[in-house]
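Please go over the structures that come below.
You will see two complexes here that share subunit A, one where it goes with subunit B and one where it goes with subunit C.
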Partner chain A sequence: MATVHLDALFKRYANGVPAVNGVSLDVADGEFIVVVGPSGCGKSTLLRMIAGLETVTEGRVVIDGAEVNRREPGDRDIAMVFQNYALYPHMTVEGNMAYGLRNRRVPKAEIAERVRRAAEILELSELLQRRPSQLSGGQRQRVAMGRAIVREPKAFLFDEPLSNLDAKLRVQMRVEIKRLQRRLGTTAIYVTHDQVEAMTLADRLVVMNGGIAEQIGPPLELYDAPATTFVAGFLGAPAMNLLAAEWDGRFARLASGLALALPDLDRAPGPLTLGIRPEHLHFAADSRADATVELVEPLGADTLVHLRLGDAMVVARPTGTVGLASGDAVALDWPAAHIHLFDAEGRRILWTPSERETRSCLPVA
Partner chain B sequence: MGPQVVFRSRVLPYLLVAPQLAVTLIFFFWPAAQGLRQSFLREDAFGLSTEFVGFENYATVLADPTYLEAFGRSLAMGALVAAFSMGLALLFATMADRVVRGAHVYKTLLVWPYAVAPALAGVLWFLMFNPTIGVVGYTLNRAGISWNHYLDGDQAFLLVVLAASWKEISYDFVFFLAGLQSIPRGVIEAAAIDGAGPARRFWTIVFPLLAPTSFFLLVVNIVYAFFETFAVIHATTQGGPGGATETLVYKVFNDGFIGLDFGSSAAQSAILMVIVSLLTVAQFRLLDRRAEA
Partner chain C sequence: MVENRPFLALLRHLVLILGVALLALPVWLAFVASTQDGGEMLSGQFSLLPSGHLIENYTAVLFQGLASAGVPPVERMIFNSLTMALAISVGKIAISILSAFAIVYFRFPLRKTIFWMIFLTLMLPVEVRIVPTFQVVSDLGLLNSTAGLTLPLIASATATFLFRQFFLSVPPELAEAARMDGAGPMRFFTDILLPLSRTNIAALFVILFIYGWNQYIWPFVATTDESHYTVVMGIQRMVAVPDSEPIWNVVMATAILGMLPPVLVVLAMQRLFVKGLVDSEK
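Let's look at the complex of A and B:
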């Protein structure tokens, strides 16, 4: 158990390509951090630098108060769970779990005891003499976890550990990982591209894009107040509707010709991006024709309604079922409290309209 | 399995395999059958009369002390060639696997000796070790180490082993390198995180995972040392000095084509055939078991 501190980490490859572009992060003792981002955003490189599998170009990795930049992976006292599990194919389950302890010359009796306990926690006791090739995907995943926990390391590092599992098993293992981490109280850094995993597992979330951390914070905080259009579009499925608009001082005019009054927005005229999550975009009981229904996808609990708004497409997500069909014209209601505004660079604009919960930014014809 | 081709005609598939079958039958099975037949016959040196003698040729060969010596020499050569070439090939492959810059250059250069004909490889090494005009031989003698493989049987034997191994290193290198590259990087990284240093990683992870490759190469190298060293020996020592480099295959040649004792030579060939068969069966057995695990 320990804190992990990343101080302006940079990783540039020999060909000059930057993978990680100055990431700083403070991980508290026992905290579960999830690093999420699209492929190629540098999240795995970041994790591998913490593990010591990649050299650090610039910056510092500090584990438990000590800089570990130049330490071998084996001397950092961390454990890592790999995407493809990376089990030792020629060793039994027991051998796989004991390997790290044997390398550290832990007494035999203690190794046996720790392996026994880990196997019990992970329900692997019956499988200790099997080889990885004789195990199912879920069981291999468990062995990889077991190999990490017997070590009782300062931190767990997870590199997309669930992406090789089928959907059902993934949900089950996700819950198990979270429970295990809570029970052991070990600091964990978890890399994934799956935003559901990210939202559900994280104490705090790091959204990465293009080698930088776009935003760091509790999952719901990021969901409710994304700092950039990237974070806004990345978290949530279906993604937040992002619409280009022109602010003229009174109204935000969308490309479709729709104009929305944004009360109390104190800002010079210019372009901005307007965002609203599908679940917050409501239908108004009006006769106006703001948008046309293109496609209706009933999901049972709610319905995804794809709407054409001029050249743009937006998605609304009313609960239950709706009596709409493609081709229908609908009026939309834009609750001010749920409208996100971003400037031309994609950064969040602070905007606190008065009477937040009640007023709606009614479209103006 | 790859995609399967279904032939509509029943004749075409047979036609397609016919050339290969013909080659196999004419150049492998027919001579082998001839050899087997001959091993039960005794022929006079001029080939004018033959006589059926049953297993007498085998009995004579197996009771012949020079044959048993040749057997021991072949075994020793197999073991030494396999040890030398596999050991060095593994060392080179491990190093080449780590090289980032110019990896292709190293790999190409290390594979080159395989393109050298065995007879040339032998002559090359013999020239280098020649006690009067060879670079190494001359240097050794100057340094006070008496080297003359034309007189010293052990030195001649060692030289044949060196020449044979040198060529085989390339072959083993290719397989070891492929084996190393097929080990998932994650497994090595996991071992690094588990606190194993480079040497420990090699012996506890890499080496065991290379076991199937190693076994395959062991069999191939032994077969190589048993049979294909013929060219090396023939081009250099011709079994000498004093029979110090006469291996089983060389003895087959010597007794048959020089000594014109065709019956004995054929019986020796038959015994070699049995040895190769056994080695091959052992190899397939083990590979099968690996595949199942």
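Let's look at the complex of A and C:
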């Protein structure tokens, strides 16, 4: 059993930079948590506070029920995989993996056995006597993983472990990390800025922005119901279309002049942000001209159609190929069930349209 | 570098040969002189080929010295020089690697100030601070002792600075990984930093050994007792004899013998030394 509990964590660096601004999180035993966010949002700082490499300014880090704020990293019984792997260059693969165990005075025979097993799992058995400099990037990554798993720690911490690999290897290692974590059942906290990694690996996702956790939940839940415009824009590629609109009690009027009926929305008139994912923005069959095609990018399985809507640009993502070219005028269909509404502060507005499946949001000129 | 014109090749070789001749000729002349007997050199005809008194001259300086100039046997002086050079280089490396370790890896009050103070002492070589240093060593009663001979030369800003630069180039994640692996600061130092510094230590050792071996002014000031003479001092004493000509063949034999240990150190450490100077593999 290994749970991690973060209680209102704050971190202010010596130079006054507030890197983490009150993050609370409960990680269940065996859970795979991914912390995702843009560069500089405080992901690494958060992870390093859990590891003990960075002091906690305020709040508590609790591992397995015990507060560890003042415990040395080596005494927290957790293992970390670094972005640049941080392998000891003068030690063999075997030495790298065994070092943490030797420092903990694990009996020699057991060290050998654990290293052997880890090497087998990671297919490193042939490479045990090599130095890190004699390994490829992917192999080094495996050794870094091996160093973590031989310790049989309470939790794994990963700080962008795949960022230094090429695209193909990254996909392969991603799958492998997930499989390994499932097999070992070890609690894991994984930091990345890559939203594909985030979506695919996480049991639960923590989306961070400016030092706070904007939303925590299962990846698809965050994808389907983003709590803020930030989460809405961050998850998904291409990003969700976010359009400023003015709600007048019946219609949401976009800057382009387009007006969308929002049935059942019970709300005082005022500004709001309207969001729709590219895959949910459909072309309507009628002859209205809502938008102009600016660019068509066929990707094979689907096509990205960049559209000009007044001053704004939106992206639609129909499946397959479409017979559209730059300059074409098209009509758009906005399925009410897939429209996300956010208030002026960017917070999600609860809205349950009664006509979920119909094309209820016909633009009105 | 990539050009391959015969004229340039010739020029290159000429320059190199000239350089080698310039450096090697004096050494050769010293060797030639050390094989002659006392009269040959003063006769005015200087041969470029060795003469026949090699063994005789060398055994004489090695085991008897030059009593007329108050110089002990070279064997004794080499031992003294060796002790001094080794103590200086080992001491300097030990102290400076530890200070650099403290400065780079620990946060303590006045860290920056201390670093700059160490750095400032770069401007104060032995020659500049010789009078106060002498006072201190003499007050401590260390004149005419190995400790007095070496201690004032051991503190080294240069080596501290070099190690600091090297430590700064070691990825900080290595220290963090070691912390996660349960290694305390000294564990990290001995298990990781020290092995990584191997080539740097070797390069510094060579440089510092030669530095220590060639020390002249300080041993001259700090020792009066013949039994503590170093080779470099001994040569000076042989040349500066009052009221008579220096006995050049003996002086040269001593010089040649005095050159040998540094040469041996360079040869022995050559591979590591070059690696330490050019290699940036971490």
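Everything that follows uses one rule, which is that the second predicted complex is superposed on the first by the 363 of 365 C-alpha atoms of A that agree within 3 Å, B and C clash if a C-alpha of one lies under 4 Å from a C-alpha of the other, contacts with A are read in each partner's own complex, and residues count from 1 in each chain.
The working rule: contacts are C-beta pairs under 8 Å (C-beta built on N, C-alpha and C of every residue); 3 or more make two chains touch, one makes a residue touch a chain.
Fair warning: this is a prediction, and the values are worked out from it, not measured in the lab.
Colleague: Once subunit A from each complex is brought into register, does subunit C clash with subunit B or fit beside it?
Modeller: They clash: once the shared chain is superposed, the two partners overlap in space.
Colleague: Quick one: classify A:Asp266 as touching subunit B (first), subunit C (second), both or neither.
Modeller: A:Asp266 contacts neither subunit B nor subunit C.
Colleague: Quick one: is A:Asp311 in contact with subunit B, with subunit C, with both, or with neither? Answer first, second, both or neither.
Modeller: A:Asp311 contacts neither subunit B nor subunit C.
Colleague: Look at A:Ser133 in the shared chain and tell me whether it touches subunit B only, subunit C only, both, or neither; answer first, second, both or neither.
Modeller: A:Ser133 sits against subunit B and subunit C alike.
Colleague: Using the touch definition from the top, say if A:Asn84 reaches subunit B (first), subunit C (second), both or neither.
Modeller: Both: A:Asn84 reaches subunit B and subunit C.
Colleague: Counting contacts the way the document defines them, which residues of subunit A are shared by the two interfaces, the one with subunit B and the one with subunit C?
Modeller: Subunit A residues touching both partners: 51-53, 72-75, 78-80, 82-84, 86-90, 99-100, 103-104, 133, 147, 151.
Colleague: Show me the residue ranges of subunit A that touch subunit C in the complex, using the header's touch definition.
Modeller: Going through subunit A, the ones touching subunit C are 51-53, 72-75, 78-80, 82-84, 86-90, 99-100, 103-104, 133, 147, 151.
Colleague: Can you tell me which positions in subunit A touch subunit B when the two form their complex?
Modeller: Where subunit A meets subunit B, its residues are 51-53, 72-76, 78-80, 82-90, 99-100, 103-104, 131, 133, 147, 151.
Colleague: Contact residues on subunit B for subunit A in the complex?
Modeller: Contact set of subunit B toward subunit A: 184, 186-187, 189-197, 200, 204-205, 208-209, 211, 293.
Colleague: Under the definition above, what is the set of subunit C residues touching subunit A in their complex?
Modeller: By the definition above, subunit C touches subunit A via 171, 173-174, 176-184, 187, 191-192, 195-196, 198, 281-282.
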